[in-house]
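Data first, discussion second: the structure below is written as structure tokens.
Chains here go by letter, A, B and C, matching the order in which they are written, and residues are numbered from 1 within each.
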Amino acid sequence: MNLNGFPILSTLIFLPIAGAVLLLLISRSNENLIKWVSLIVSITVFIISIPLFTEFNKSTHLMQFTEKHAWVPSLNINYSLGIDGISILFVLLSTLITILCVLISWNSIKAKTKEFYISILIMESAMIGVFCSLDFMLFYLFWEAMLIPMYLLIGVWGGSNRIYAAVKFFLFTLVGSLLMLIGIIVLYYQAGRTFDILELMTKTYPYQLQIWLLWAFFAAFAVKVPMFPVHTWLPDAHTEAPTAGSVILAAVLIKMGAYGFIRFSLPLFPDASRAMTPVMLTLSVIAIIYGAVICLAQTDLKRLIAYSSVSHMGFVTLGIFALNSQGMEGGILQMINHGVVTGALFLSVGMIYDRTHTRQISDYGGVASAMPVYASLFMVFTLASIGLPATNGFIGEFLIILGGFKANQWAGVLAATGVIIGAGYMLWLYQRVFFMETNQKVAGLADINLREIITLLPMIILIFWIGIYPNAFLGFMHESVKHLLERVNSGSMHEVGVAKNILEIIK
Amino acid sequence: MTNLTGFSMPDLGPVMPEIVMTCLALLILLADLVIKRKETIAFLSIVSVAAVTYLLVGSTGITFNGMFIADNYSLFFKLIFMLNVVLTVLISVKYIAIEKVNFGEYYSLILLSTLGMMLMASAGDLITLYLGLELMALSTYVLAGFLRHDIKSNEAAMKYFLLGAFASAFLLYGTSLIYGLTGTTDLKAISSYISVNGLSGNPVLTLSMTMFAVAFSFKIAAVPFHMWAPDVYEGSPTSITAFMSVGPKAAGFAVLGRVFMTAFGAARIEWTGILIPIAILTMAVGNIAAISQINIKRMLAYSSIAHAGYVLLGIIAGTSEGTASVLNYLFIYAFMNIGAFAVVIMLRSEGFKGDDISDYEGLAKTHPLAAALMLVFMFSLTGIPPTAGFMGKFYIFMSAISAGYTWLAVIAVIFSAISAYFYLRIVMYMYMKEPKAAVQLSVSPGIALALTITVIAVLVIGVLPSKVINVARIAARF
Amino acid sequence: MNNYLLIPFLPLAAFLINILFGRKYLKDNAHWVSILAVAGSWVVTVITLLDVLSGKVVNEDIYSWIVSGEFKVSVGFLIDQLTAVMLVVVTTCSALIHIYSVGYMQGDKGYYRFFAYLSLFTFCMLMLVMANNFLQLYFGWEGVGLCSYFLIGYYFDKKPASDAGKKAFIVNRFGDFGFGLGIIMIFLTFGTVYYEPVFSQAKVFAVQTINFLGYDVHLMTLIALLLFCGSIGKSAQMPLHVWLPDAMEGPTPVSALIHAATMVTAGVFLVARCSPIFSLSETALMIVALTGAITSLFAATIGLVQNDIKRIIAYSTISQLGYMFLAAGVGAYTAGMFHLYTHAFFKALLFLCAGSVMHAMSGELDLQKMGGLKKYMPITYWTMLFASLSIAGVPGFAGFFSKDEILWLAYSGQSPVGKFVWAIGTVVAFLTAFYSFRLIFLTFHGKFRGTYEQEHHLHESPKAMTIPLIILCIGAVASGWIGIPHLLGGGEHFTEFLTPVLGHPEAHGTHAEEWLVMAISIIAGFSGVGLAALFYLVKTDIPVMLAQKFNATYKVLWNKYYVDELYSFIIVRPTIWTAKNILIGVTDAKIIEAIVNGIPKGIGEFSRILRKVQTGLLQRYAAIMALGVLIIMAVMLLR
């Protein structure tokens, strides 16, 4: 299915780069033009990505919109693109988030504007590329290429401790991904010289090798997710990054780790994955509770949301390694959810930060009186974050806990405690910022303007759309997830998890 | 004595580029006496290089009884050398004027040094090799000390010369030992003698290989024979530092590859035993020591040491894939390293040295284009896609892994991650700090052209590496 | 026609209209939207009730909500007798309280917001009771919790209010934790979360045990108790009752609607709804009964000494909810539901009267500062008096019939703890009568004890408030009449109506016993009223004297058994302490970050050492080279 042979994925990848080149040519003094060009480019990319959503064939697990060209023939590296039910939503999320990042930065980025928007657009290309690549080298190229604009986004336009955060982010992720690179090459030779992901997935690998490679890949993906205990770059990066940077990080970048687990670790190393499930589930549960509890003691708005990401991503990995359809689909959906909700939270925090220039929670209070519209929207995000039914967070968390419980009762039960603590820190945060007596520093602040409302509106729509009619999104995944789970669970090793459907046990 | 009647004129076709190069280098030396505008001489040397390059492509073959081999392998290296000359000349023109050493012999020395390299690349005999190596070395010693009034430059030349002589001695020891053992200095003959007589494991052979390894390690600045490099790189004129970091290093790898793969092919297991620790140490010391440098030339010196470590992996792999990865890497390295030095040179202006890392603070604000270029080179040196540096490293790792050295590749990536720290530091200074003082850039058409070539090459090879890799693969077959 | 869909979705529409347009456009007219919507719901409810009475039960899916693997659930509705009862309670109380709020909330700056929340609450509550599967029930369940949070914290600029809202939400999350797991267990057991197949198959698992977290437990007991966790939270039973008294920070109509008549009874509804599961587990039922009994006693004792008019009623609510669980626990689900239904009227009325009093007293809540209000606000006085008579179990009033049915069924039922909980129930009946009339006497009788300004300000509330009082008062008096026991010549219509869903409770006792139980409860009620009259009308120094004499007991009661303090001590503070001092202070900072920053630091140190090796001395360089050669040679030759 190629939309009459139109290379839609390539267009999505290269259009932002073309936009970036265009920006290069614009005089840096012409800031308005720079912004408008960026906005138009990002909106165009989003519009072009919509047919993916409408034309996608949900009844197959096969890759769609595929493109394949020889790239480095001598090493059998191909420029190979395609999306399936697992990746499609992330492509759309990336294209959407970029628009919002441009919008949110409209007035808050005052220095090096040109470089900023170039970074954002290059970032978009790389993000889309990561989710569309069907060749491991191509994937790796995009995966690593993201580091450059992100490093700049944090380091150039970030907060006071930005340099430390940027370097930390870069080194953490680089160490992890370089180990993955070695893993990729080993796999290449093992599978008979191919980087083709689909072909690699049809092969079986010796168990011992699977274990080694699993950990090599784990290094890259776990850091990105980030899983406990390699999470400490995240609070720093999130906190110091400019709003757009935090949003991209939260909404898309850290999804790539979990995406990597699903796209690569599980189907390539099914036996090792099953064997390592207990470790992964344990780490996930620790992340959920650890991240949540630590939020209770945060005094910095962005840092709190950052740590909450650790907790929420713990849910995601829990769902993925539950290795059943509820967990997996819940996990994937929760990735989208977290992207939407945490992205929205960072956008919102950015809006108020632009007005007050403080991230300290104690500097706020009574914002609901000063900015009622803003407060209501923030409330929706808060509720989605704590997984209230009818919001997207609930669907994801419920499916994950269900799947997790199925895989391992303790994992499910302990993960569910994260939901309690989640309500605790988010509502406490909301109370301290929005309720109670109006703090001097926020009295008389202007409520959010139309541009800001428009920035948040897509998130609101998505929150309720996914919450009320999640099948619109889950529907994309069914076939791909089913196929994946067949691959993972078809191995010779014993069935994972304790509690299968009890009915079956009785019969 | 050779029977005179048996003498026939050797086929000069394969060696024609070298002959032409010799003539042109000497001509330029003479031309310096009549031509006052030094830019013209620079231009002439580029024309010379063009002529030689033109000749290079057509002339292949073995001549002088196998002492001189013009094959694809040597051709590839010679192209790197030509590239090196062109880029060096382009970045030199304004620089040596600023340094007030605008003399014509500068260019002819570069050409002569390159001639040495060309001989090294084509050496089919240890004697040819030695001749080429000394020619290259002596010319570079002079170039290193070209800033006559700068004591650091003099010191650099002196150190380079003395330690270089020390290293040459090892080369001669090695040669005499191998001659004593096999009775020949011809690489092919040595190889067949060793395999026919099953000499692998012979202590004299081992000793000899060690000597060669030491001598070549010196040229490529591998640890622990690298000690000269930081001092010499810092003291030499920056343009020459750029020249040295690419040319002699590539030449060193050319002979290292040919000697070890051809002559000592049968004793591969043993020489890998020598080279592996050297490679690990080189990566370790190069990358780690670079972190605490405050002078960018010194930092790039250590970076250059570290890169030699990565390239050694390709040699250690011992396969033609490995050799191809070495060629590919050196080719890419020429662009990204000279590119980086070009930016360094731009910062040098009248009365401003501009080689402290702190001089880069806020460069993105004062000179965004220069900063952006430096950013590309730094990320390329780190090996981050989509720059060529990534493709170079990637291919090296591939060849190492395919030869079974996965663990070595893992060590390499770890050091490679460490290297990110000091390369990023430059980016960080440029982009994330405020400018201290207004830095003047000395831009010239030459530098502009050099930067254009290098940055385009770094990005294009990074995205479309296929051509280079293919050529390298062809060249890697001896 | 899916007429019934209007019931929940009219209020939802009202919510959306109010929240989107209220602030700018509707402003002081916001109530019209909400009132019309809820009135519409009420009308449709009545029509639906008639349908149900004629035997028509609806159970259908609207659209598929979540599908993942074998997990499938839709948004669907079940309207049976049980739902119908709840619909009537919810829409009636909601409609009346909407109207009351017009008067009560007049002039408030968040007027539109208040009505928006009320409508949203009504929607969620209706979704809760109309669900045909557990997940949608859970949706409504959390939804009402959310509205409760909004409305408790309605005066968000006051810290206690926002604290209370947050507390309510989080405490409920503890209960929902179990509830959620219960739903998951149901799915894993039955492969579905729809009521109909779950309840019809439940018997298959009657003796099934399962390994849960390493323990072998009876499956149905496990599921029942997990579900009951939710009930404990939502219906404020021990040990999760702590949020409800604090919830009184919300506007009084909210207390009446959410924290008396509807939301808090959702827990009882849940147990009744799941009676097929609970009935399979004697253990679970016993725990339900004991929890209910102990909570009702516990809350009643606290209610004896409090001075905050709304908090007393709140404790009374907890206590009465305990009663309902007590009933459910002895298998008398219908009796529980009956009490739920009568309680909705008289408790809502009590709250609204309290609101009316507050209105007159300019927000004053302290009983000790009131007194003699009877003459200023007769309607409030009389309606509240009737409500109190009802709750005190005075024969003829609604509360009497439902309470009596519970006590009788507890006494005569099969439950092993039946007699025990009956005894407690009777004591509680006495205590209830006492504190209810303590409230009446201290508020409306005697002399006014407040300030001069307050006295000057006293007035009866406006019509918008008093009319709902009067209507509710009719309910508080007469709503019990549809469930008059056979013993008194009644038809027990209420029980009969619910029998198809909840079964018929079994009673094993003689008529004589039934008379006796009734008599005892009447005596308990009257003596409570009498004692209150003695203490607060005649010999008003007795309470003070008692408080001094039994100082320790008084203090414990006054401080609500120190439960809040206990939680703060064992849960809240340790958690935050751990977060600060262990997770941030040690694991993140001292362990992970130490490694993360330590490695680069170490490399940096090493780098500086390497730099020192590079001395610049030529001889040193040559020596190092030579050393290198020697080492390599040695290694190569000696190996």
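Please note the rule applied: contacts are C-beta pairs under 8 Å (C-beta built on N, C-alpha and C of every residue); 3 or more make two chains touch, one makes a residue touch a chain.
The model shown is predicted, which means the values in this text are computed figures rather than measured ones.
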item: Chain contact topology (line, ring, star, complete or other); value: complete
item: Geometric centre: closest chain by C-alpha means; value: A
item: Result of counting contacting C-beta pairs for A-C and B-C, higher pair; value: A-C
item: Centroid distance [mean C-alpha coordinates] between subunit B and subunit A, Å; value: 43
item: Separation of mean Cα positions, subunit C and subunit B [Å, integer]; value: 78
item: Rounded Å distance, subunit A centre to subunit C centre (Cα mean); value: 37
item: Two or more partner chains touched - positions in subunit C; value: 600
item: Residues of subunit A touching at least two other chains; value: 171
item: Touching two or more other chains - residue numbers and ranges from subunit B; value: 421
item: Parts of subunit C lying in touch with subunit B, wherever the complex brings them together; value: 600, 603-604, 606-608, 610-611, 614, 616, 618, 620-622, 624-625, 627-629, 632-633, 635-637, 639
item: Subunit B - residues contacting subunit C, complex; value: 158-159, 162-163, 166-167, 170, 203, 206-207, 210, 213-214, 218, 223-225, 227-228, 230-231, 270, 273-274, 277-278, 285, 288-293, 418, 421
item: For the subunit A and subunit B complex, residues of the former touching the latter; value: 28, 71-75, 112, 115, 137, 140-142, 144-145, 147-148, 151-152, 155-156, 162-163, 166-167, 170-171, 174-175, 178-179, 181-182, 185-186, 188-189
item: Interfacial residue positions of subunit B with respect to subunit A in the complex; value: 364-365, 368, 375, 379, 384-386, 390, 394-395, 397-398, 401-402, 406, 409-410, 413-414, 416-417, 420-421, 424, 427-428, 431-432, 464-466, 469-470, 473
item: Of all residues in subunit A, those that touch subunit C in their complex; value: 168, 171-172, 229, 231-233, 290, 293-297, 324-326, 329-330, 366, 368-369, 372, 376, 383, 388-390, 394-395, 398-399, 401-402, 405-406, 409-410, 412-413, 416-417, 419-421, 423-424, 427-428, 431, 434-438, 468-471, 474-475, 478, 482, 498-499, 501-503, 506
